[in-house]
Amino acid sequence: MKRQNAWLLPLATGVVLIAAWFGLKRLFRIESYVLPSPAEILAAAWHERATLLTSAFVTGRGALLGFLAAVGVGFALSMVMAFSIRLKQSLYPFILILQMTPVIILAPIFVLWLGQGLPSIVMITFMICFFPVVANTTMGFISVDRNLQELFVMCNATRTQEIRHLRVPGAMPYFLTGMKIAGTLAPIGAITGDFLAGGAQNGVGGIGFMTITYFSQLKIPALFATGLVACLMGFLFVGGVNYLHWRLLHRWHDSMVRKE
Amino acid sequence: MKRQNAWLLPLATGVVLIAAWFGLKRLFRIESYVLPSPAEILAAAWHERATLLTSAFVTGRGALLGFLAAVGVGFALSMVMAFSIRLKQSLYPFILILQMTPVIILAPIFVLWLGQGLPSIVMITFMICFFPVVANTTMGFISVDRNLQELFVMCNATRTQEIRHLRVPGAMPYFLTGMKIAGTLAPIGAITGDFLAGGAQNGVGGIGFMTITYFSQLKIPALFATGLVACLMGFLFVGGVNYLHWRLLHRWHDSMVRKE
Amino acid sequence: GKPAEVPIAAGAGAKPLVKVVLQTDWFAQPEHGGFYQALVKGYYRDAGLDVEIRQGNPTTIPAQVVATGRAEFAIGRSDDVIIAASRGVPLMMIGAFMQRDPQAILFHQESGIKTFKDLDGRNLMAVPGSAFITIMENTFHIKVAVTPTDFGMSRFLADKNFVQQCFLTNEPYYVRKEGANIGVLVLSDSGFSPYRVWYTRRSFAQEHPEVVRAFAAATVRGWSEYISGDRTEANTRIASLNPKMEPGFMDFSVHAMQEYHLVTGDPAAGDAVGRITRERIDTQIRQLSGIGLLDRPVTADEVFDASFLAAPPAPR
Amino acid sequence: MTSRPIVNLEGVGKRFGAGAPVLEGIELTVERGDFVSFIGPSGCGKSTLLRLIAGLTEPTAGRIVVDGMTPADAREEVFLVFQDANLLPWRRVAENVELPLMLRGDPTDRRRERVGEMLNVVGLAEAAEKYPWQLSGGMKMRVSIARALSVAPDILLLDEPFGALDEMTRDRLNEDLLTIRERDPFTAFFVTHSVAEAVFLSTRIVVLSANPGRMHRVIEVPFAQPRTPELRETPGFLSLLAETTRELRLVRR
Amino acid sequence: MTSRPIVNLEGVGKRFGAGAPVLEGIELTVERGDFVSFIGPSGCGKSTLLRLIAGLTEPTAGRIVVDGMTPADAREEVFLVFQDANLLPWRRVAENVELPLMLRGDPTDRRRERVGEMLNVVGLAEAAEKYPWQLSGGMKMRVSIARALSVAPDILLLDEPFGALDEMTRDRLNEDLLTIRERDPFTAFFVTHSVAEAVFLSTRIVVLSANPGRMHRVIEVPFAQPRTPELRETPGFLSLLAETTRELRLVRR
């Protein structure tokens, strides 16, 4: 497998998909106010570039902070739950409840307590992103090799040591997967935050704000352009996580090591 | 660890949390139209039981179908991508794009093509749930033990056989984790579907429909009651996945087997 | 209540301004124009008030914000205030900045809809739970199926039989631009005619009547001027706050407010900017109670007090 | 008769990435029916050599021909008993043994029969329904041996198959191996640390030196086939054992 | 002198869940400084016995006392060389050896020094920076041995530590083990399949029978300490070797 294929193939598929997109649009005579063509979307993105850039910055900040909070708090929570099965049994159901309560119900409370804008947006992003981190990390923690666990018992390791030196590194592949999911959710979370708790300062809101705006203006190509921005932002996160995956695992984990 | 603790501890934590809830409400004089008390929520749930039951049924159907579609299609997609690294390189970016495009942008297209109601709701639920399944299963597929992989090479296993008999069972712990995340997302997805593509007959739609209704009528305890219903529904899904986890892994996987 | 510690006196230039917050129900738009007019023209300042207009968004519950003291004033429909009052939220309407609600039902001429009766059996994209829907159904003996609004128009454009809730001041502009041949049914003609009001929490009205009065006077002045005077400055401010606000669109909005007499109502029938009548509030309470939306009985006195409003300017 | 050699190694060398070479200049021609043992110090490249013949890894120098094909193409005729048991943790013992037969599509009946037979050979008939985590180390290796034997390959590569077994089980399995070989003749490549085992089983013993792994000496084992347990007591056997041990001592770094 | 036995097993039995008993009626009193070997057929419960003494699992019958404590409480004095290498895949060789020292809080300098020393003993100084997946089977086991030796426990449990090693490496490590024991005396429990190894190292050999694992015979090994390589050639050694082998043959089921 040559290195260049990593770029060539998705590109080729992309071309095929975009061709299909054009084709479908033609074939079914889909109007641009329903599904604009890629060209129209790019044109709209270019036309609105100033606005989109500013709003990408606004939303990106919320997404990044929410993502970091979700990864940090999610990891910490899983770690706390790894300390004792009792803690886990006590906490997990409530983590589930937090995850499963539609954010629209909680959003007004966040806004009331944290005020409209960044803090609430970060909180909403956090709410949307944190569970995949918790679920995966927890599964990683309990999937630890029993033989290695016995080694740590043999070493009289404290629970903290066991978690730090055995469970944390062992759970990395799971944790990173959770982080990747959180990465794709972070921009969506921040955009939802824009909807639910954001606003426009000086005429520029986040991507979510622009999404409602374009939507209510029937600027459908621009609407899709916000989707494009969301995707680009998401790719940054996923790219970051992939880099971390490579950094942390390439020396030892089966998902990376190429055995000759 | 006694069996009963599995129930006692979350119950105890629950009591503590609910006490704290009441306490906070008292202390900060939080009015019920901001944060109702658990008792008020239960009373509202009881009062609206007929409506909530019907809408739980409506949304539950969408959630279940969307969940099954997400699990099925997500698993199948991961499997397809496991067949060749080229396929994966071609498909993964587009799966990411699908996941990362805010659903509100795509919803009108779904509604136009699939019509309003169940099919669109299922589609939206699917869109929201499927990526965790794909991300986890894919990670599971690539994390397969290299030594076992060599065994399959030694056996002249076809790619299909390798996937069926090595990667699929080996990826189960990852797949089940993805499924658990999808399970918590399914009710949220269906509720979002209710928002974006649902409808109502005789004033009763899905849970999402009732959420907006109560929201717009400022029936805050009833609004929280819809959250309660969403959580209950989510618990059913998570419970189902946990059962499956137990069924599939308890005989051999480190997360379950208790080595004496 | 305790005596006002805030030094208030309308027009008392030397005294420090009293800070108040107005929570709106949406992003800045011409439907809020009078408030911005009063702001940018300094009418609030002249009245001794330092007003901050805080924009709402789709999940803002302005009633909550005012009731919990995070804002002094908020705006909304009178029926929402009545409903909130029946849920124990102590609100007090001060004045109506729109005598007629801009909500309407939008349809394609091709759909054959002429009157409310023609909506029978159709899908209507609207905010679920809106009181007007049930009342309309009862009034005209029809039944509609409600689809939650997605705040968009794509589905409307794509389907000639699509019917959706709209603001007279908003959606028609865009769909006409796309060439749709549309018609509207104005809600205030449906037998249910709420006001758009500004309100405060009851305790604030009791404790700071001067503030409420000062705010009311400046607001009425702002609105009167916005709807029939030079609104350039206010519109510039609105446009600076909300990128959606293009000049053409704002002109359309204002024009719609004028054409449908949304702000002024029908002067011949005694309507005037700001005015709320007990009679109409009573009617609304009766209608809401009739469809079971009120948790407990509400009286007009609980929810509005016309006394804060100076005598309305004489109709021209 | 100029029968084609079944396995031919020509100047085979192997290095992993940019590391030092692990194997160098391995020259070996093996006829059908040969039983070749490799002995040498830990880490000298014995497992790597078997993996090269199995086509699980590619040589970085020289050429390997297996039955006229590349090792990868010849894999149908070859099976490897890995140094670790390499069992699928989610399959019971019998299912693990069954795996290669199932993968190559043998009918269920034949599979069951063969599995039962081979579990008997390794003395694990009673453990058929257990999962790998319930087995002792030696039991796991025996499952792995049963798995390889059930395939009845033309060429069997065995990487220290009996290292985790007690001497008695080991001797019995040595003899079973020879018995099976008479029924289903196969060419064997055998890695062991037991010189006695090597001398008893082999037709040829390759002594490898370490760092990098080179062929130190090839010792022909002249005893007749079939071999019987009594061979172990004969003077010829003991003297070859002593000689091989001496050679092995020479290669210690 | 009535010195307290360092390990005492009283009627120890073990069964897993509802299965057949694995061990039954194990009675053993071990004095400080003893070197006890266990030999017996594969699956007879040798590893289980070591895990019981290490406190990694509980007996289902009888009682185990280690230095006056329960095995779990005595764990600070004990270390086990597992039957599998049991290395952390994300730690390099040196880091794996360092692990127990780090966990018990030794200062970094002492740790480094000790790790280097022990890697030298097992001949892996050059592989210190490798990851486990880059090692051969025997190398992994040697890392595991180095890890246990670096701890210098009072009681060392060794589960077939040399099974994956060639005879030369094995003999040298046998001797190294004795040398280390003279410096840091420890009580050893040693599982092996090599009778010669058992006779050379032990003060006592316990022959176990299988199904369930019972004590078949305890053989006292009378040779003086310290033992030298020459012992292997003495007639006394050879006759004890023969006797032990005979006993082992008796317990084959």
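Each chain carries a letter (A, B, C, D and E) given by its place in the written order, and its residues are counted from 1.
One rule holds in what follows: a contact is a pair of C-beta atoms (placed from the backbone, for glycine too) under 8 Å apart; a residue touches a chain by one contact, two chains touch by 3 or more.
Given the structure is predicted, the values throughout are model-derived calculations rather than measurements.
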| item | value |
| --- | --- |
| Shortest contact path, chain A to chain B, counted in steps | 1 |
| Where chain A and chain D overlap in contact partners, by chain label | B, E |
| Taking each chain's C-alpha mean as its centre, the one farthest from chain E | C |
| Centroid-based (C-alpha) most distant chain relative to chain D | C |
| Approximate Å spacing (C-alpha centroids) for the pair chain B, chain C | 39 |
| Inter-centroid spacing, chain E versus chain D (mean Cα positions, whole Å) | 28 |
| Intercentroid distance (Cα basis), chain D paired with chain B, Å | 50 |
| Distance from chain D to chain C - Cα centre to Cα centre, in angstrom | 87 |
| Chain D, residues touching no fewer than two other chains | 16, 84, 133 |
| Where chain B touches two or more other chains, by residue | 34, 104, 108, 112, 146, 150, 208, 215, 253, 257, 259 |
| Where chain C touches two or more other chains, by residue | 59, 61, 64, 68, 150, 152, 154, 158 |
| For the chain D and chain E complex, residues of the former touching the latter | 16, 39-43, 46-48, 83-84, 134-139, 142, 159-160, 163-170, 193-195, 245, 248-249, 252 |
| List of chain B residues in touch with chain A within their complex | 1, 5-6, 9-10, 12-14, 17, 34-35, 85-86, 89-94, 96-97, 99-102, 104-105, 108-109, 112, 131-132, 135-136, 139, 142-146, 150, 173-174, 176-177, 180-181, 184, 187-188, 191-192, 208, 211, 215, 223-224, 226-227, 230-231, 233-235, 238, 253-255, 257, 259 |
| Chain A - residues contacting chain E, complex | 147-148, 150-157, 161, 165-166, 169-170, 172, 251-253, 257, 259 |
| Complex contact set, residues of chain A against chain C | 31, 33-34, 51, 104, 107-108, 111-112, 116, 195-200, 202-205, 209-210, 212-213, 215-218, 220 |
| Residues of chain E that touch chain A when the two form their complex | 51, 54-56, 75-76, 78-80, 82, 84, 86, 88-90, 99-100, 102-104, 131-133 |
